[in-house]
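For reference, chains read A, B, C and D in written order, and residue numbers begin at 1 within each chain.
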Amino acid sequence: MKRYDLIVVGAGPSGLSAAIEGAKRGLQVVVFDENEKPGGQLFKQIHKFFGSKEHKAKIRGFVIGEQLLKEASELGVKVVLNATVTGLYMDKELVVKIADTIYHYKGDAILIATGAAENMVTFEGWTLPGVIGAGAAQTMMNLHGVKPGNRILMLGSGNVGLVVSFQLLQCGCEVAALVDAAPRVGGYGVHAAKVARCGVPFYLSHTIVKAEGEECVTGVTIAEVDKKFQFIPGTEKHFDVDTICLAVGLSPMSQLLKIAGCEMEDNPKRGGQVPICNEYGETSIKGIFVAGDVSGVEEASSAMIEGRIAGIAAAQYLGYIGIEELEEKFEENKAALEGLRQGMFAPENRGKLIERTEEGIPVSMNLLTKGYIAEDEIERYPGVTHRAGIHPVMECSQNIPCNPCQDACPRHCIQIGSHITSLPVVDESAQCVGCGLCVAACSGQAIFLVQEDYEPGYGTVTIPYEFLPLPQKGEKGYGLDRSGQRVCEAQVMEVKTAKTFDHTNLLTIRVPVDMVGKARFYRKIF
Amino acid sequence: MQHINDRAIAPGTFIPEPDDDRIICRCEEVTKGEIRRAVHEGMYTITEIRRYLRTGMGLCQGQTCARLVKGIVAKELGISPAELIPATSRAPMRPVEMKVLAKEEGRHV
Amino acid sequence: MCNTAEVIIVGSGVIGCAAAYYLAKQGVSVLVLERDQSIGNGGSSRNGGGVRQSGRDPRELPLAMYAVEHMWPKLSEELEIDVEYHKQGNLRLGKTERHMEILQGLTERAAACGLDVHMIDGAEVRKINPYLSDEVIGASWCATDGHANPLLTTLGYYRKARALGVRFCTEEEVVAIQKIRGKARRIITAKAVYEGETIIVAAGYESRAIASTVGIDIPMRKELIEALVTEAEPKMFAQMLGTADADFYGHQTDHGSFVFGGASGMESVNKDNGNMAVSSITAPCICRGIMKYIPKLADAKIVRTWAGYEDLCIDGVPVISSVEEVPGLILACAFTGHGFGISPVVGKLLSQMALGEETFLDIREFRYDRFQAAI
Amino acid sequence: MSRRIAEHPILGVQEKGEKVTFLCDGEILEGYEGEPIAAALRAAGIMKHRYTKKEHTPRGIFCAIGRCTDCVMIVDGKPNIRTCVTPLKQGMKVQTQYGVSPKPFEKQ
């Protein structure tokens, strides 16, 4: 039987990272993935990643996927697509379906990196055509170039719900509302803010009563829920939508490990049924490793590091490297992993209400309930300053491990310091030249350039803009505030695009001077 | 686990709920009420529910409903969903045509 | 809770559940101990659902004929659950002259016992089931055979027995049976001690280890065999199918899916990882077998494969027997893969045995002490 | 094909296969070779893929990655084909699935 040193199941961030580390150390590696395109979830993630350089921050998910794939191929890893692993049998034998044939392979080591599957909630009418998973929406729009619907209601305010809502807006869909039964937004505030300023209303402590329509979705009714998640009568709200998108969490897709006989546990902190494994990702069966969401649902950034660790551990298991190298590399990667697992969204803080930032600043409650920071809250944050001339305004209000803004500014105007989760601070002594690199670099699109003294009575605001059609210089429209409300007339003064901005265009709009602190989005007059 | 193991310990009387007609297993069209009733008829494990009602026995093999069914059964038994062992996973992970399964390659080098 | 009952049954398979039901119906207090967490998790939930008389050992035939005549047709009504019983015949198919010889032999022996079974040629076979390939040159045909849903039958007996007050305890692995004052009475599990006037051991292959704790050995071995199920298909045929070669057997269920069992020939040496693991070679082998007989199913998609243990008796028929040297002990095991079809009648016989009544069928052929050295 | 994204602000103009035609319940539709059948159907505004066996209710795309099997249809005569992971080809014949049949229930 054809045998490889390492067989990886799943060509997502963790699988490819493991394959790369294994191949670097001389292992003969093959990666099987059932999808026609590699990269797993990375290819649906078109936003820029958070973190630091070592976590590939500022790079868009699908680009990271391409990079990993290229690196893997250069190292001689064989990546086989449209290859469904149908079973994992004893003696580490895999059966793989490729086209109309099944093939048997054995791996001296096997890494299962099958990721996660979407959770679902039920409500009246949830089986109607038009009710889809958030992953389905991403697949349709980002992989197949088809809009999932015209007018959509999103259920779920975690990062998936927020990111997919923004993606829906980017591809030209209308998002009628973002709804979550939880009392607070679950995902990053910056993701919420960029959806809210496009005018999407947030309904926290609300959930779907029913999907309406006979043959497919024609509308939806939501209602407020009490603390026990029971509907409060009289709070129903109706929306005309043709699509309802569900983003209510993920569960590890660990079936192959169960088939193989690995010891499993039900661990709600990891998202469900996960294999019991050691710090290197090795399961109860020697030589079967796991990495990424299949061993506990997290972000793609941490999946890549887990993949690296497991790939190196597989190399050690097969005798390609010594235990010293494994331990050394493990410490390095563990540090990187710990770097990601800190701040307000660290795994141990899941579900907790954090009222103050690490700096002791009260967290914006409006951000948590409405998706945007209120007027009377915004001045609290160290990134929000007023000064003469053009300068950055950083509406970054939560401790997230992320620092590309600090590196982006050639004048060193922005400081985060050594603690990666700290809120960015403006260095008053450094002179901003309005280059906009920080605006484009911010993965959360939370940095704006503001000039209050552009001309008498008017100031300018430079906003990150990732929509089509791109506004034209001189064009007139409206300035929208953080909640997406029209607050003033605005004129486009400049539209900057550059390769270094990586598709984040910088739109400079002229607004009345009293609006420079409010206008955060632009919409053309039709 | 006593609640699951001693089948003489009953989960109380069955009280109808307004959403009992809601489909839970999309493939086999099994409703919430059917699942709840099955618990009251003595089906205390996910495996028994599955065999009794066909939840998770359809084309998708429970990939969509497993978590939902678990939640309903656990609630009915008054235990945590984590206490319920999921149904056994079996190959093939995706439906495979008989003629494809029949055509093997690579068993011998 | 009280740990005593008039009858304690070890094993909640279809045999144990049926016995529990028929006993409870008589007002007997019954306790069923199950090693697994789920009821009927052994062969009862893993078999192909055949309710056959043809192809059986003549010793077993009276039981099968009684069950088909008197019990199966009324079982759904009795258990208030649709057990999906269909009495629409069994075709045992042959493709070669050698197959036909095997079938002829089986048919003659069964007919001698009074079963209405006869040989038919290829054309007649395809008249009954037009989906069978031209490779099939003949078959044995028993019109009164059929199939049922083993999952619902097992759980149906369980449900009804439970409703009648039978206490079922799962995850109770029996470690030993103890004699008290000369009678089998006490059952020790890993967690508790139970006492009963009568103990029925219906625990599949595990019965051997349990019986050995009171010095009784049943000469049997176990084999891990496999089955698979397809997606739902439009209705094609209602018969139970088998082959002279025994390379596959199965039927189309009410649901529309096809359940097929089969063999790769490696069963006697199959490995297990503790989860009744399937091997990578058996399902493909079963599929190749099926496609030779029913080419139309080539496009049917397999959605699941599974495995289960058969408790194979050295002489091919079960042990259904009181153990006189251990009064109070009744054994019902070593069903050799034929247990499901006769489970209602065995359940009823066991209830009579436990009550000390004379059984309505002669069961001497199934005695525990019938085994003899060959030479 | 109004549901098609002509140009995406981040992904640009997506590469597609050859334009092909296929039949859906007798109607001639256009799509691109190699894209999932489901994508072509959604682009053409078709939401319903099948009607269920028991309750005869409509279903469409749900997971779009081949797991949930809700989007199955009869493709070139074969039932239960996951349209979200089955590539479109010129001249394919796609039919709404009623239970497991191409015939509406009243004709079954």
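The rule is short, and it goes like this: a contact is a pair of C-beta atoms (placed from the backbone, for glycine too) under 8 Å apart; a residue touches a chain by one contact, two chains touch by 3 or more.
Please read these numbers as outputs of a predicted model, since none were measured by experiment.
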Nearest-to-centre chain - CA centroid comparison: B
Pair joined by more contacting C-beta pairs (B-C or B-D): B-C
Separation of mean Cα positions, subunit C and subunit B [Å, integer]: 24
Distance from subunit D to subunit A - Cα centre to Cα centre, in angstrom: 29
Subunit A and subunit B, separation of their C-alpha mean positions in angstrom: 32
Per-residue multi-chain contacts in subunit B, two or more chains: 23, 26, 58-59, 63-64, 88, 90-92, 94-97, 99, 101, 103-104, 107
Residues within subunit D bordering two or more other chains: 53, 59, 62-63, 66-68, 70, 80
Subunit A: positions in contact with at least two other chains: 34, 87, 89, 95, 102, 104, 117, 127, 258-259
Chain contact graph, described as a line, ring, star, complete graph or other shape: complete
Complex interface listing, subunit B residues touching subunit D: 23, 26-27, 29, 58-60, 63-64, 94-95
In the complex with subunit C, residue positions of subunit D that touch it: 53, 78-80, 99-101
Touch list for subunit C against partner subunit B, complex: 1, 37-41, 45, 151-152, 154-155, 158-159, 162-163, 167-172, 230-232, 255, 275, 278, 281, 283-284, 287-288, 290-291, 297-306
In the complex, subunit D residues that touch subunit A: 3-5, 7-11, 14, 16, 35-36, 39, 42-43, 47-49, 57-68, 70, 84, 87
For the subunit A and subunit C complex, residues of the former touching the latter: 87, 89-90, 93, 95, 102, 104, 258-261
